[in-house]
Amino acid sequence: MDRLFCFETKDSCVGILSGVEEFRRYRERMNKRILSSNNLGIKMFFALDTRAYEKGALDTKTKGMLDLVASMVLRCSDCIAYHAIRCVQEGVTDEEFFEALNVALVVGGSITIPHIRRAVEILDQCRDLQKKNKHPGLYAGNHLS
Amino acid sequence: MDRLFCFETKDSCVGILSGVEEFRRYRERMNKRILSSNNLGIKMFFALDTRAYEKGALDTKTKGMLDLVASMVLRCSDCIAYHAIRCVQEGVTDEEFFEALNVALVVGGSITIPHIRRAVEILDQCRDLQKKNKHPGLYAGNHLS
Amino acid sequence: MDRLFCFETKDSCVGILSGVEEFRRYRERMNKRILSSNNLGIKMFFALDTRAYEKGALDTKTKGMLDLVASMVLRCSDCIAYHAIRCVQEGVTDEEFFEALNVALVVGGSITIPHIRRAVEILDQCRDLQKKNKHPGLYAGNHLS
Amino acid sequence: MDRLFCFETKDSCVGILSGVEEFRRYRERMNKRILSSNNLGIKMFFALDTRAYEKGALDTKTKGMLDLVASMVLRCSDCIAYHAIRCVQEGVTDEEFFEALNVALVVGGSITIPHIRRAVEILDQCRDLQKKNKHPGLYAGNHLS
Amino acid sequence: MDRLFCFETKDSCVGILSGVEEFRRYRERMNKRILSSNNLGIKMFFALDTRAYEKGALDTKTKGMLDLVASMVLRCSDCIAYHAIRCVQEGVTDEEFFEALNVALVVGGSITIPHIRRAVEILDQCRDLQKKNKHPGLYAGNHLS
Amino acid sequence: MDRLFCFETKDSCVGILSGVEEFRRYRERMNKRILSSNNLGIKMFFALDTRAYEKGALDTKTKGMLDLVASMVLRCSDCIAYHAIRCVQEGVTDEEFFEALNVALVVGGSITIPHIRRAVEILDQCRDLQKKNKHPGLYAGNHLS
């Protein structure tokens, strides 16, 4: 089960990231639809995409930041939403998060500023959720950009 | 008359692609406004744009897929909406449609996935409309990206 | 005080650009949030960004058009909204505005057309506001893309 | 054996596309090097890339043009060199080739013109090679962008 | 006759911009080749491109800088070479040139720095040529990016 | 003194990365030229760029990989050359390097493959230099993309 944006205790989901919940449902529904097609190439790509973010020589936290910066400089809103949440899930601190954004801002220029705002907005929503729960934690299901 | 997203029988429009209707009206209204300006260069470009999609050595179905893939890798939502519908209008099958998306996905990377979702959503809406009508058919007026 | 999108008389703001007001508030709130972080690099970049649009060897009107064209070919909606309004504020005429759009359209291709529509929509809203007020004028606070 | 840019008779390679031969060797050597690494993800992506261009619901000629246009609007020189040759190999005529370029030019704008020149230069080199040989034909080994 | 990069006295060309001369010849030769094809759309686009840079509501100097900045943020080397020379031809001063580059740098980010270097190199070559000739002046033939 | 691409023992530079040495000299010369202009904005941006890569909440090794991936997906050859070398200097292992490339490949698509080849070529050159010297080590002077 994909409960990507869900903060959970041991037994249940105790908080939903309100602003992105609609996006999450749409994304989940459409990904299923796409994978139900007979196009093997697309299915393989989705598998490859999930795989790229698994722990290897680099840990998942570092990979989360690599994805966030790549999404920032390419200015993909949905990808940024996804990867910003992943970064929080992987334990990226606020200081680390802002430094990653700074790298993206310097490399990609002021054209990335609207997406900087979006990433910080999501960061703040995640922090709010974390404060509300005694046992904050995030569970990420299968990954797709 | 531009009735781009309208499924029609011989005499009347019998179905509207709900999700994109508002976009169509906005697009139509603004294109008129732009063409009402005195800028000859912009007018000529719009004519050139329409012309590029007419049948020549390549048929309009092939051109439709060329446009769809170009719009996908450049990640232009409105352009994708437009060209996905055009592809359906030109008789592109689901299998062909997904193969074109696969080319875009491999060339453009996971950053195109949000637009893959969008294109498939529109494809499904078009197929629904086609099923509802006994004489499915689409009439496209003048083209503008 | 940043009252970027506000047409004002000497004493008060007499008109708000309706369509973009929500965007303005969001933008203002998030910029403050970002600047409240401890990341000096981002703060310095924001200062640099503001500075780039101040009068120097080039006047602010010319710089406004440079920014508009750069935002157009990079297809950044929020940046276009911002810079289109700035161009009006700097006294760019309709003819000049459309010529700048034409340069962007020719250089950037039909993929920019959705953003051409957006820029013209904002231009028209600004002109409407200017007509409604006896003493049209715009005051722009600190700049951020 | 990868003899991508080689025109051949039944038994042997009878012509090499001079301008791109150095590129071909470099490309072939580095692809081997990359595939010799232990990174499974990259290997899988390369396989996926090859697969995307094989005949399916769409024939290889149509896919060749989809790739050419995608490479053009993303302005990737090496990719254009590769896909322009592939188009010739798949039997794309000059008229079809120029129409595909026109689509890319209109969608991508004048910024693609340097790559239009490059694509046409390669087309002409291919045609010259085809004229020199009694049994023109091209054999493409494994594909990688 | 297209003598774009040629500094001339009244009667003859007295200086060639060394570093870009080879590029100029290639460009001129290929443009002729492209225009010799039967593709009307491409011919019309080239005409449109030339037209976009002619004096209108905006003077050619301002348009030269708009093009330079657009080429910079899209990072097109050949386009930058062309438009940097045009800017010199149109009388853009060093201070104005650097301010335009600064706008491009801030909007487009550090990813544009390699092209900043290229633009300044060409600026310096143009200034050297201007110093060597008593009657500096540039004649630009038909324009194509 | 900027000796970016120089492998050194305690007392002297003992190896130069052959393939990129010419690039290094050009880059160094032009950066000096650019900084000699009177444009304060550009100078400040260069300072900001250097600053973004210094150790903060994130270490320089992680930042090196963030930059490499950002340069890869934006497909900037010079930037990739620079950041690939920096990664080696910061102690990135081959496995880590390839995983970072894989992230860029999946996010950015096959259009990045020519730059994957380039990055691996530079990695190999760096490893060769490191083997030749008993006390491998790299010293990087001021940073500019």
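By letter and in written order, the chains are A, B, C, D, E and F; residue numbering begins at 1 in each of them.
Methods note: a residue touches a chain if its C-beta (ideal position, glycine included) is under 8 Å from a C-beta of that chain, and two chains touch if they have at least 3 such contacts.
Please read all numbers here as calculations on a predicted model, not as lab measurements.
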{"item": "Starting at chain C, fewest touch steps before arriving at chain E", "value": "1"}
{"item": "Centroid comparison with chain E (C-alpha atoms), farthest chain", "value": "A"}
{"item": "Type of chain C:chain F copy interface by residue overlap (half), same or different", "value": "same"}
{"item": "Whole-Å gap between the CA centroids of chain A and chain D", "value": "36"}
{"item": "Rounded Å distance between chain A and chain B, as computed from the means of their C-alpha atoms", "value": "30"}
{"item": "Length of the line joining the C-alpha centres of chain A and chain E, rounded to whole Å", "value": "43"}
{"item": "Residue numbers of chain B (touch at least two other chains)", "value": "41, 45, 48-49, 52, 70-71, 73-74, 79, 95, 98-99, 102, 105-108, 110-111, 145"}
{"item": "Complex interface listing, chain E residues touching chain C", "value": "48-49, 52-53, 56-58, 62-63, 65-67, 69-71, 73-74, 79, 93, 95-96, 98-100, 102-104, 106-108, 145"}
{"item": "Chain B residues within the chain C interface of the complex", "value": "26-27, 30-31, 33-34, 37-39, 41-42, 45, 49, 70-71, 74, 76-79, 144-145"}
{"item": "Of chain F, residues touching chain B in the complex", "value": "73, 105-112"}
{"item": "Chain B residues touching chain E - in the complex, by the definition given at the top", "value": "40-41, 44-45, 48, 51-52"}
{"item": "Interfacial residue positions of chain F with respect to chain D in the complex", "value": "75, 94-95, 98-99, 101-102, 105-106, 110-111, 113-114, 116-117, 120-121, 124"}
